[in-house]
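Down below are the structures I want you to see.
One chain, chain A, appears in both complexes that follow, with chain B as partner in the first and chain C in the second.
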Partner chain A sequence: MAINMRYVVDGSDFTTAGEASTAVKMKLKKLGIAPDIVRRVAIAMYEAEINMVIHAGGGVAEVELESDKIIIKLIDHGKGIADVDLAMREGYSTAPDAVRNLGFGAGMGLPNIKKYSDEMHIDTEVGKGTTVTIIINLQ
Partner chain B sequence: MIQFIKSGDTLEKNLCGVKQMKIGEICRILDAKVLCGQELMDTEVSSACGSDMMSDVLAFVKNHAILLTGLLNPQTVRTAMMMDMKCIIFVRGKTPDESMVSLAQDNGIVMMTTDFRMYTACGLLYNAGLYTSGSDKV
Partner chain C sequence: MAEFHSVTLDFDKCRGCINCVKRCPTEAIRVKNGKAFIISERCIDCGECIRICPHHAKKAVYDKMSVIEGYEYRVALPAPSLYPQFNNLDSIDYVLDGLLRIGFDDVFEVAGAAELVSEMTRSMMKRSDCPKPLISNACPAIVKLIQVRFPKLLPHLHTLQPPVEVAARLARERAVKKSGLPADKIGVFFISPCPAKVTALRHPAGGERVVDGVLSISEVYMALLPEMKKIERPQAEQISGISGISWSYTGGEATALLLPHYLAADGIENSIKILDEIENDKLGGIDFVELDACFSGCVGGCLCIENPYIARTKVRYLRKYQPVTMSHLADYPGKEEKDFLFEDEVEYDPVLELASDPVKAMEIMLQIEEIEKKLPGIDCASCGSPTCACFAQDVATGKAELNDCVFLMKKELEGKLSGKEQNDGKATV
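Entry: the complex of A and B
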C-alpha cells in the first residue's frame, strides 16, 4: 500500500539542489494529493534538501507515502548540529556569505520546515551526521 | 479603509481585494523582455512578491503568482516551482543563462527581465492595481 521514494542528493553541486524535492512534488501531484499538502511537502523538503547540500555535503532523501501521512527523511553524514534549539531559531545561521549570495542562509530553513510540517524531528550527532524527519498529515 | 481606495477603483473591487491582471499586461507595464512562456501571456494573476532571499519567499509568501527578484541562480526557478508561481521577473536588467530559462520553460513558468530596479518595478505593479487588499503583515 505505502509508496516509497528514495533520492541521492549531490552535495557538491548547489545548482542541482532541489531536484529530489521537485521529483517528489511532481509524483505527489500525479497521485492526486491535495495541492496545498503537496506545496507544504515541497517547501519543507526543499529547505531540508538545501540544508543537506550547504551544511552537510549531501545525503539521501527517503519519502514514504502512507494512507494518512507523508514521512520525509533527509539523512546526511555531515558535521551534525551542536545546539538544535539554537539552530531552530529564526535568523540563526552558520552559512557562509557565498551561500547567502545564492539566496539562502537567512536562518529561516529549519523554522520554515517546522511551520509547514505537522511533526518535525532532528536526530543529530556532532561529527556523525543529521537526520531530519518531516511528517505531514494528508488531512 | 476608505482612504485606500484610489480613484477609478470600485468599492467592490477593494472589498473583494483581488484584481486580475494578465501576465502580458505586467510585461507591458515593466517594459520587460520575455525570455520564455510567451504563449502564457493571457494567464491572469492577482498578486506578486519581491525578494532576493529565497528563504523569505518560502516562509512568507502565500499565494503569489509572480516573483520579482534580482537573484540569478537555478534556485530562483526551483523556489518558484515549489510555490506554484507562474512567473519570474528579473529586475535591474539581469539576464539568466540558458539552463535557467529552460528549467522555467520545462515547468511552465514565464520568465522575463526588466531594466527597472526592484523598488520601482514593485511600485509600478502595485500602482497598477496588482495587490491583495487587507493586511500583508507577517
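Entry: the complex of A and C
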C-alpha cells in the first residue's frame, strides 16, 4: 500500500513556493506520522522546492508514501548542476543577486536536505535538468 | 464525556446556513439535517463562528453576574481589555471603583499580574535553558491550536502561568488575609473578553481551577456604566501601568519584554502561518512570539463591546499619563518564579489524525483520494462540510453520505431523467 501525491511547483512565483511541502506536511500529520519525521520531511522538501523555483523555473514534486519510508522526488527541466560536489558545499551558491536580496540562495539548500534526510540522490545533466530524490525512513 | 466548550449553538435560531462552517479555522462545524453542530474535540473556542453567524445562533456560555452572590467575599479580576470599552476614561480607578459598587469586595487587576509575568519572563529569557523562540501561552485558543496541530512546538510554549491565573492566586491569598474568612467563602471571578478564556479557566489544562466563575466583559460593562457615572472621586488605586494595560492588544505582551527580536501577530490564519514557519526552522533570530487568535488581540474578543480598533485608540489615550510599570514581584514578599510555573507540560492532542493505527490511516487516506476524484472541487459546502476535501474525509470516516453532495445528486438525477426520456421515446415508437 502506498500513497502518491503529485504537485506542480510554479517557477514564476516566489510567494507560493513552499505550498507543496506545506500540503504534504498536513497530510503526514493526518496520517499520524511522528512529529519529528513530519518536521524533517517538511524542511527537506521545502528546501528542494525553493531550489527548483530559484534555479530551474519550477518543476514537479512527486511524493510516495510507503509503510516504512517516504520518497520525495523533485523533477525539473532546468539548467542542471555542473559540479554536484561543489553544490553540496555549505555556503556555495549560484543564485543570482536578485534572489539573494530576497534572503534566499544562502548556499544551504542542498546541505540542509542532506542533513534532514536519510538518503539523498542527485541525478543531473547540464542543459537537461535535475531530479533530487529524498528518502526519509518512517521508523 | 463531551468536553465543556464556551462556544455553543442555539438550536432554535440556527437556520443551517454554511457561514460558520466555512469560517471555522479548524473545520470543526458541520451542518446536518438543517442544523449546525460543533465537533467538540476540534473546537478551539476562538469565537469566529459567533462573529460570523447572521442569526446569532452561536453563543458564548459564561457565568451570569448572579453567580457572585453564592460567596461571602467576592473578588473581581478585570481583564485589561475591560478598560478601553469605556469612553473618555481618564483613569482606571473609575472602573475599579465601579466594580466595588456593583457587588465586589475587592479587585485585583489582571494587568498588574501581567506586569509580574513580564518581569519573570524577562529573567527566564536570560537563561540558557529557555527555548528560542519562546511562544506566549496567554491566548488559550492559540495554545489549543498548537496542541492539536503543532506538537513539535509544544516545548516552545511558555511555562509560566498566564496573568489571569497569577492574579487569581494572589487575589485569593490577599482576600483570605483581608477578610479573615475561610478560602471556600471567597469567590474569585474573572471578567473575560472571549469564550476561549472561559473554557480554559473552567476546565484548565493543568487540572486545577483557580477561579470560581468567569463573567463576560459585555455583561459587566452594562452593570458598571450607570455606577461609574456616580463616582466623583474614585477610592480604588490601580496596580498597573503602561506595560500591563498594553497586554490588551497584540504586541503589548511582547513589547513589555524589552527585547528587540520579537514577533507579534493576530488572527488565526496568520498564527497558523507563523507556527508553520517556526516548525520549518524558517524563523531564525526571533526570541519571543506572541500570537492572538482575535484580530487586534484581546480587545478583539467577541465578549467585548467596542470595536477593536477604536478600543486600541482608547488604550493609547488611557496610557498617556501612566507610569511604565506599577507592579513588581518584590511587592509580594516570599513569591518567586517557581510559585507560578505550570506543573504539567501541555500534551499533544492528535485529533486531526485519521486513525491511531498508521496502516488504517493510510487506508482511509486512499479512500479519501478516491472519493475526492468524484467531487466537483468547488467547495460550495452545501453538503454541510466546509470543503470537498473535508467532505471526502467525512464520507470515508462514515460521518457523511456521498449523496449529500448536491452536484453528484444532480448528475444522477439528470442521468435518470435522460434515461427515462429515451425509454419514453422507445415506448412511443
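Just so we're on the same page, the second predicted complex is superposed on the first by the 139 of 139 C-alpha atoms of A that agree within 3 Å, B and C clash if a C-alpha of one lies under 4 Å from a C-alpha of the other, contacts with A are read in each partner's own complex, and residues count from 1 in each chain.
Going forward, a residue touches a chain if its C-beta (ideal position, glycine included) is under 8 Å from a C-beta of that chain, and two chains touch if they have at least 3 such contacts.
Remember, it's a predicted structure, so these values are computed and weren't measured experimentally.
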{"item": "Partner chain in contact with A:115 - chain B first, chain C second, else both or neither", "value": "first"}
{"item": "Touching partner for A:30 - first (chain B), second (chain C), both, neither", "value": "second"}
{"item": "Touching partner for A:106 - first (chain B), second (chain C), both, neither", "value": "first"}
{"item": "First, second, both or neither for A:12, with chain B first and chain C second", "value": "neither"}
{"item": "Which superposed partner A:43 touches (first chain B, second chain C, both, neither)", "value": "both"}
{"item": "Touching partner for A:139 - first (chain B), second (chain C), both, neither", "value": "neither"}
{"item": "Residues of chain A that lie at the interface with chain B and also at the interface with chain C", "value": "21-22, 25, 35, 39, 42-43, 46"}
{"item": "Chain A residues touching chain B - in the complex, by the definition given at the top", "value": "14-18, 21-22, 25, 35, 39, 42-43, 46-47, 50, 102-109, 111-112, 115"}
{"item": "Chain A residues within the chain C interface of the complex", "value": "1, 3, 21-22, 25, 27, 29-33, 35-36, 38-39, 42-43, 46, 65, 67"}
{"item": "Parts of chain C lying in touch with chain A, wherever the complex brings them together", "value": "149, 151-152, 276, 279-282, 348, 350, 352-356, 358-359, 361-363, 365-366, 369"}
{"item": "Chain A-touching residues of chain B, taken from the complex the two chains share", "value": "52-56, 58-59, 71, 73-76, 78-79, 81-84, 99"}
